[in-house]
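Next come two complexes built around chain A: one with chain B, the other with chain C.
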Partner chain A sequence: MNVGTRKILNRSFTAVGIGSIVVMGIALLIVIVPIIYNGVGAVFFTGTIEHRNMLYNEFGEGDEAELAKQNAAAGVYRKEVYAMLAGFEAELEAMESERQQEFRSKYGSVRNALTALMGPLPGDTGAMLTRFKYGQTRWEKAEEKLHEFLYEAKWDYSDPDAMAKEYYVSRAAEFEGTSLVKIFPYVEKHLEEIMRPEFTIYLGFLTDSSVDSHIFGGIWPEIQGTFFLAIGAMLFAFPLGVIAAVYFTEYAREGLFTSMLRSANSTLAGVPSIVFGLFGLAFFINTLGVSESKSVLAGSLTLAIMILPTIIRAAEEAILSVPRTYKEASLSLGSTKWNTIMTVILPAALPGIITGGVISLGRAAGETAPIIFTAAVSVGSAIGLADVFSSPTPALSWNIYNLASEHEAAAEIRHVQYGMVLALVGIVLLLNLSAILLRARISKKLKG
Partner chain B sequence: MQMTADGRITSQKDTAKTASRDIYLPSERKTIAGGGTPHVVAKDFSIYYGEFEAVKKVNADVLSKYVTAIIGPSGCGKSTYLRAINRMNDLIPSCHTTGALLFDGEDIYGKFTDEVLLRKKIGMVFQKPNPFPKSIFDNIAYGPRLHGMNDRKQLAEIVERSLRKAALWDEVSDRLDKNALGLSGGQQQRLCVARTLAVEPEILLLDEPTSALDPKATAKIEDLIQELRGSYTIMIVTHNMQQASRVSDYTMFFYEGVLVEYAPTAQLFTNPKDRMTEDYITGRFS
Partner chain C sequence: MNFFKKILFGAAVLGFMAGGTAEAKSKIVMDGSTTVGPIAKSFAAYFTKTKGVQVTVSESGSGNGAKSIINGTCDIANMSRAMKSKEAAAAKAKGVNPVEHIVALDGMAIVVHPSNRVNKLTKTQVRDIYTGKVTNWSQVGGPNASIVKIQRESNSGTQDTFMSLVMGKGNPVSKRAETQASNGAVKNRVASTPAAIGFIGLGFTDNSVKALSIDGVKPSVETVKDGTYPISRPLFMYTNGQPTGVVKEFIDLKDTSEGQRMISELGYVNK
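Moving on to the complex of A and B:
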C-alpha cells in the first residue's frame, strides 16, 4: 500500500470517527435539552396567585399578610367579573323560555371555562377534589385557559373524506346582544390583575408530597421510593455479586459446571426486565410471601436479581484485571488464599467493583418493569423506613410512565412529568458521577 | 544417579553425610561455616504441564547457605524448577509432579505438607518488582501481620531490620508511609527482597530478579545477594551468565528440561564437562 492511499485511509477513518462522535453528541443534545428545559420548568416558572394560595392552604407555606394583600388586590377585579356574571344570570331569568334554554347551555360552558381559569366562582358548590379548589397555578396554563374561555372549539365535519377540522368560534359573538358580552374583553384585558403572575422558584417540588395525584405539590415520595428501591437492591445484590465473582475467578475449577454457570449468568443478564418483574411477583410475593402484596422489599429483591449478573461480570473483570503478580507476591509470603483475596486482591479490584456497582445502582433506580408488579403504586405518600417490608411506594420511573399514559389529567401536568424525568436523570447522573470520583480517589490511593 | 555440586556421584544414602564433605569452591569465596548441607533435594523429580514434561527427572542437592544459580536457554524449565520449590506452580491447574522434592528431608509435594507454612520458609522474589499498592511500611509488615504479629513496635523493628538487610533503609527511612509504587524499579525490587526477608525464610528463591532493572540497580541487587550469602540458601534463575558467574557458588545448567550439568560455578564456566554446557556458555546457542 503506497503512502498516498495510506494517508487517505487514515484521514477518512479519522473523519468517520469524528463524524460519529458528533452525531452522538447531537443525539444526546436532542434528548437532553428538552428534558432539562421542561424539567427545570417544574421548579422555575411564572406562578399565579392560585399557586400561592394552594401552597398556603395545602402546605402552610408563604406569608399570610402578603398573600391577603395580593388576594385583596386581585379581588377587586374578580368582583367585577362576578358582578357581570350575576348581572347576566338575572337577565337570563327574565328571558322568554326558548331563548333562555339556548343561552343557558352556552352560559354553562362559559362558567366552566372561567372556573378552570380562576378557581371556584360564587354560587359553586364546594369542590370535592382539591384540583377544583384552585384556578390555574401556572401563567402559561392560565393563558391557555383564557383562550378556551374566549373561544369555543368546534369541529368541522363537512368533508366526509378528510379528518374533522377544529375551528374556534368567539364566545363574545355568541353572546352578542346580552350583558355578558362585556366580560370577555374585560377578562382578556385584566388577566394579569386577576391572576397576578410572578416569577416563582418552587423548590418544594423536590421535597413536598403530591396533592390530588400530582395536580399540585411535589415528587418527594417518588424520589424517596426510588432511593429505597435502588439501595435495597444493592444491599442484596452487591455482596452476593462480589462473592460470586470471587468464586468464579478464584475458586471455581474450569469445567463443564463452571462454563454452564457462566453462560447462565450471561443469559440472566439478557433477560428482558418485564420477565424479572413477573418472576418477582410469582416468586417473591406469591411463592415465598415476603410480603402480603407489593412492597419495597419485594421490589428490591426483584431488582437485585436483575442487576446481579451485571455486578458479577463487573466484579469478575475487576478481579481478573488485578495483576497476577500481587497474588503471587502474597502467596509467596505464606499467605492463605482467603487472606490473599481479602487483603490484596479485593482492595486492588475495588475501583472496578465499585464502578460496576454504581452503574447497576443507576440501572436499578431507572428500571420500570420489575417494579410494576412488585413495588410501585401510582399515588401515595412517602413511606417510613419501618414500612419497607410491607408497603409499596411510588417511584420515579413508574410514575413517569403513569403520568404519561394513565393519569386522567395527563395533559394538565406535563411539567410534573418532565420534572420527574429530570429528577431521575439527575439522580442517575449523580450516582455515576460519584462512582467516577470514588474510583479516581481509590485509584489515586492505590497508585501512590 | 544423584548429582551433587562437587560433581561426585553419591548414592542416596550418602546424602545425610554431605555436611562434612569438603567441597570445591572458587578461591576468592570463603567456605561458610555450618553451610553445605543438602537443603533442597530432588529425586527423579519431574514437572508436567498436562502431558508435557517441562522438567525431566532431576536429581540434585542444593546446598544450604550457598548461592546456586540456574542457567539455561528460554523454555528450558529453569523457572519451572525454581517455582516448584515453593509450590508456586500450584497456581497452574494443569501442573503436576512426579518423583520427590525434599526440603529439610520433608517432601514438598507430600500429602500432608502445608504449602502456606512451606512458603513462609521458602521466600520468593519475582522477575518484575511486584510491591503491593500499599505504603512501604505496610508492604514489609504484610508478611509478619499475616503470621499474627500485630504489635506496632515489634513490626517497626522488623521493618527496619528487613530494610537494612536489603540495603534500602537509608533510602526510604524518611518515607515509610509513602506508597511503594512511587519507588524506582531497583528500589522496588529490593523492597520485595526486604518483604520476603521480613517473614524470616530459610531459602530465598530469586526468579530473574534483575531482568527488568537497569545496570546500576542490577549491581545493587548483586551486592545484596553477596550480603545475604551465608545467611540464607539462595537460588537464582538468570539469563545473564556473567551474573551467574559473579554471584553464585554453584551453577545448574538446564537444557530442554534436563539438568545437564551441576558444578561449582568456577568449574562450570572454565571447564565444563558437557559439550552442551560449553556450547551454551560460549554463546553458540542461547
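Moving on to the complex of A and C:
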C-alpha cells in the first residue's frame, strides 16, 4: 500500500470516528435536553394562585395573610365573572323553552371550561376529589384552558371519504345576542388578574407526598422507594457477590464444576429482567412468603438476584487484576490465605469491585420489570424504615410507566412524569458520583 | 479493615432502627384492575387522610388481582369482571373464600378518533370489525380508511367483558388487532391514531376520543344506570371472607355519600 492511500484511509477512519462521536453526542442531547427542560419545569414554573391555594390547603405551606390579600385581589375580577354567569343564568330562565334548550347545553360546556380554568364556580356542589377543587395551578396550562374556554373544537365532516379536520369556533359568536358574550373578552383580558401568575419554585415537588394520585403534590414516596429498593438490593447482592468472586478466584479448583458455575453466572447476567420479576413473585412471595404482600424486601431480593451476576463478574475481574506479586509477598511473610485475601487482595481490588457495584446500583434503581410484581404500587404513602419488610412502595421507574400509560389523566400531568424521569436520572447520577468519589478516596489511601 | 467495619456498623444501625420502630400498623394492600384503579386510588387517598391507615394500590389487571387474592398477597382485589369459576375453584383449594362487593357500575365505551365521522355502530358492526369481517371504515358509513383495531391483554377484565358482551362465544378477535395493556394506553393509542377503534371504561373517556352510540344509545351515566346502554358491567372489589376491621370500613366507603360522590366525579356510575 503506498503512502497516499494509507493517508486517505487514515483520515477517513478518523473522520468516521469523529462522526460517530458527534452522532452519539447529538443523540444524547436529543434525549437529555427535553428531560432536563421539562423535568426542571416540575419544580420551576409559573404558578397561579390556584397552586398557592392548593399548597396552603393541602400542605399548610405559604403565608396566610399574603395569600388572603392575593385572593382578595383576584376575587375582584372573579366576582365580575361570577356576576356575568349569574346574569346569563337569569336571562336563560326567562327565555322561551326552545331557545333555552339550545343554550343550556352550550352554557354547560362554557361552565365546564371555566371550571377547568379557575376552579369551582358559585353554584357548584363542592368537589370530593382534590383535582376538582382547584383550577389550573400552572400558567401554561391555564393559557391552554383559556383557549378551550374561548374556542370550541369542532370537526369538519363534510368530505365523506377522508378523515375530518379540526377547526375552532369562537364561543363568543355562539352566544351572540345574549349577555354572556361579554364574559369571553373579559376573561381573556383579565386572565392574569384572575390567576395571578408568579414565578414559583416548588421544592416540595421532591419532598411532598402526592395528592389525588399525582395530580398535585410531589414525588417523595417514589424517590424514597427507589432509594430503599436500590440500597436494599445492594445490601444483599454486594457482600454475596464479593464472597462468590473470592471463591471463584481464590478457592475454586478449575474443573468442570467451576466452569459450569461460571457459565451459569454469565447466562444469568443475560436473562431478561421480567423473568426475574416473575421469579421473585413466585419464589420470594408465593413460595418463601418473605412478606404477606408485595414488599420492599421482596423487591430488593429480586433486584439483588438480578444484579448479582454483574457484581460477581466485576469483582472477579478486579481480584484477578491484583498483581500476583502482592499475594506472594504476603504469603511469603507467613500470612494465612484468609488473612492475605482480607488484608491484601480485597483492599487492592476494592476500587474495581466498587465500580461493578456502582453500575449495578444504577441498574437496580432504574429497572421496572423486576419490581412490578414484587414491590411497586401506583399509589401509596412514603413508608417508614420499619415497613420495608412488609409494605410495598411506589418507585420512580414503575410510576413513570404508570403515569405515561395507565393514569386516567396522563395528558394533564406530563410535568410530573418528566419531573420523575429527571429525578430518577438525578438519583442514578448521584449514586454513581458518590461511588466514584468513594473509589477515588480508597485508591488514594491505597497509594498513599 | 476499617471500611468493612463501617459497612457492618451501618447495617447494624439500620437493623436496630428497623427493629426499634416496628409496631403493628394497620394497612390495606389492593391489587388488580386498571378500570377500578381510579376509584381505588381516590378511596385510598381519602381513607389515608381521614383514618390514617396506609393504603397501597397496584394496577396490574383484573387477572392479577384474582391471583393476588388467591395467593393471599393482597387484602382487596379490584376486578372489572366477576371471578371466573376456575379462579373460584383455585381459591377454594387454597382455603380462600372470595367475597364479592359491587363498587360501581361502568359502561364500556367504544371509542374512535374524533376526526372519524362515524357516530354510531350496532353491536353486530362492532363484532364484525373485531372479527375482521369489516376492515374499512367506509363499510360502516365512515371515511375510506382501513380500521386499526385495538384490544386489551388477556389479563384484562375489560377484555373479558368485551368478549362476553360484544363478541360472544365462538367469535375470536382478529389476529391483526393490536393489544394495549391498560385503559389509559388504549385511550392514548386511539387519540393518536385517526383510523383506530378501541374500548375503554366510561370513566376514562374525555374529549381526545369520541365514544360511539351503540345500538342507538349513547354511553352516559344515565343510560348505564337505567340499563339501556348495552355494554355495561359492574365493577368489583373482592375480599377474602367477609371483611372486618379497616378493610370493612374501606369497602363500606362505596355506600357513604362521600364515596358515591367520588365515584360519580370520576365518571363512574353509582349502583
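We take it that the second predicted complex is superposed on the first by the 448 of 448 C-alpha atoms of A that agree within 3 Å, B and C clash if a C-alpha of one lies under 4 Å from a C-alpha of the other, contacts with A are read in each partner's own complex, and residues count from 1 in each chain.
We adopt the following convention: a residue touches a chain if its C-beta (ideal position, glycine included) is under 8 Å from a C-beta of that chain, and two chains touch if they have at least 3 such contacts.
Worth saying up front: this structure is predicted, and the values here are computed from it rather than measured.
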item	value
Clash or fit (per the criteria above) of chain B with chain C on chain A	fit
Touching partner for A:328 - first (chain B), second (chain C), both, neither	first
Touching partner for A:447 - first (chain B), second (chain C), both, neither	first
More chain A residues in contact - chain B or chain C	C
Touched partner set for A:343, first chain B, second chain C, both or neither	both
Which superposed partner A:424 touches (first chain B, second chain C, both, neither)	neither
Which superposed partner A:113 touches (first chain B, second chain C, both, neither)	neither
First (chain B), second (chain C), both or neither touched by A:405	second
Which superposed partner A:253 touches (first chain B, second chain C, both, neither)	first
Closest Cα approach, chain C to chain B, once both complexes are overlaid on chain A (Å)	13
Residues of chain A that lie at the interface with chain B and also at the interface with chain C	343, 347
Touching residues (chain side chain B, partner chain A) in the complex	86, 88, 91, 93, 116-121, 123-124, 126, 128, 130-133, 142-143, 146-147, 178-182, 192, 195-196, 199
Sites on chain C touched by chain A in the complex	1, 3, 11, 14, 17-18, 20-23, 25, 27, 29, 31, 34, 37-38, 41-42, 44-46, 48, 54-60, 64, 68, 71-75, 113-117, 138, 143-145, 181-185, 188, 194-195, 203-204, 207-208, 258, 261-262, 265-266
Residue numbers on chain A that touch chain B, as the complex places them	253-254, 323, 325-336, 339, 343-344, 347-348, 445-448
Residues of chain A defined as touching chain C within the complex	127-130, 132, 153, 155, 157, 159-166, 211-213, 235, 285-286, 292-294, 342-343, 346-347, 350, 372-373, 376-381, 383-394, 402, 405-408, 410-411, 442
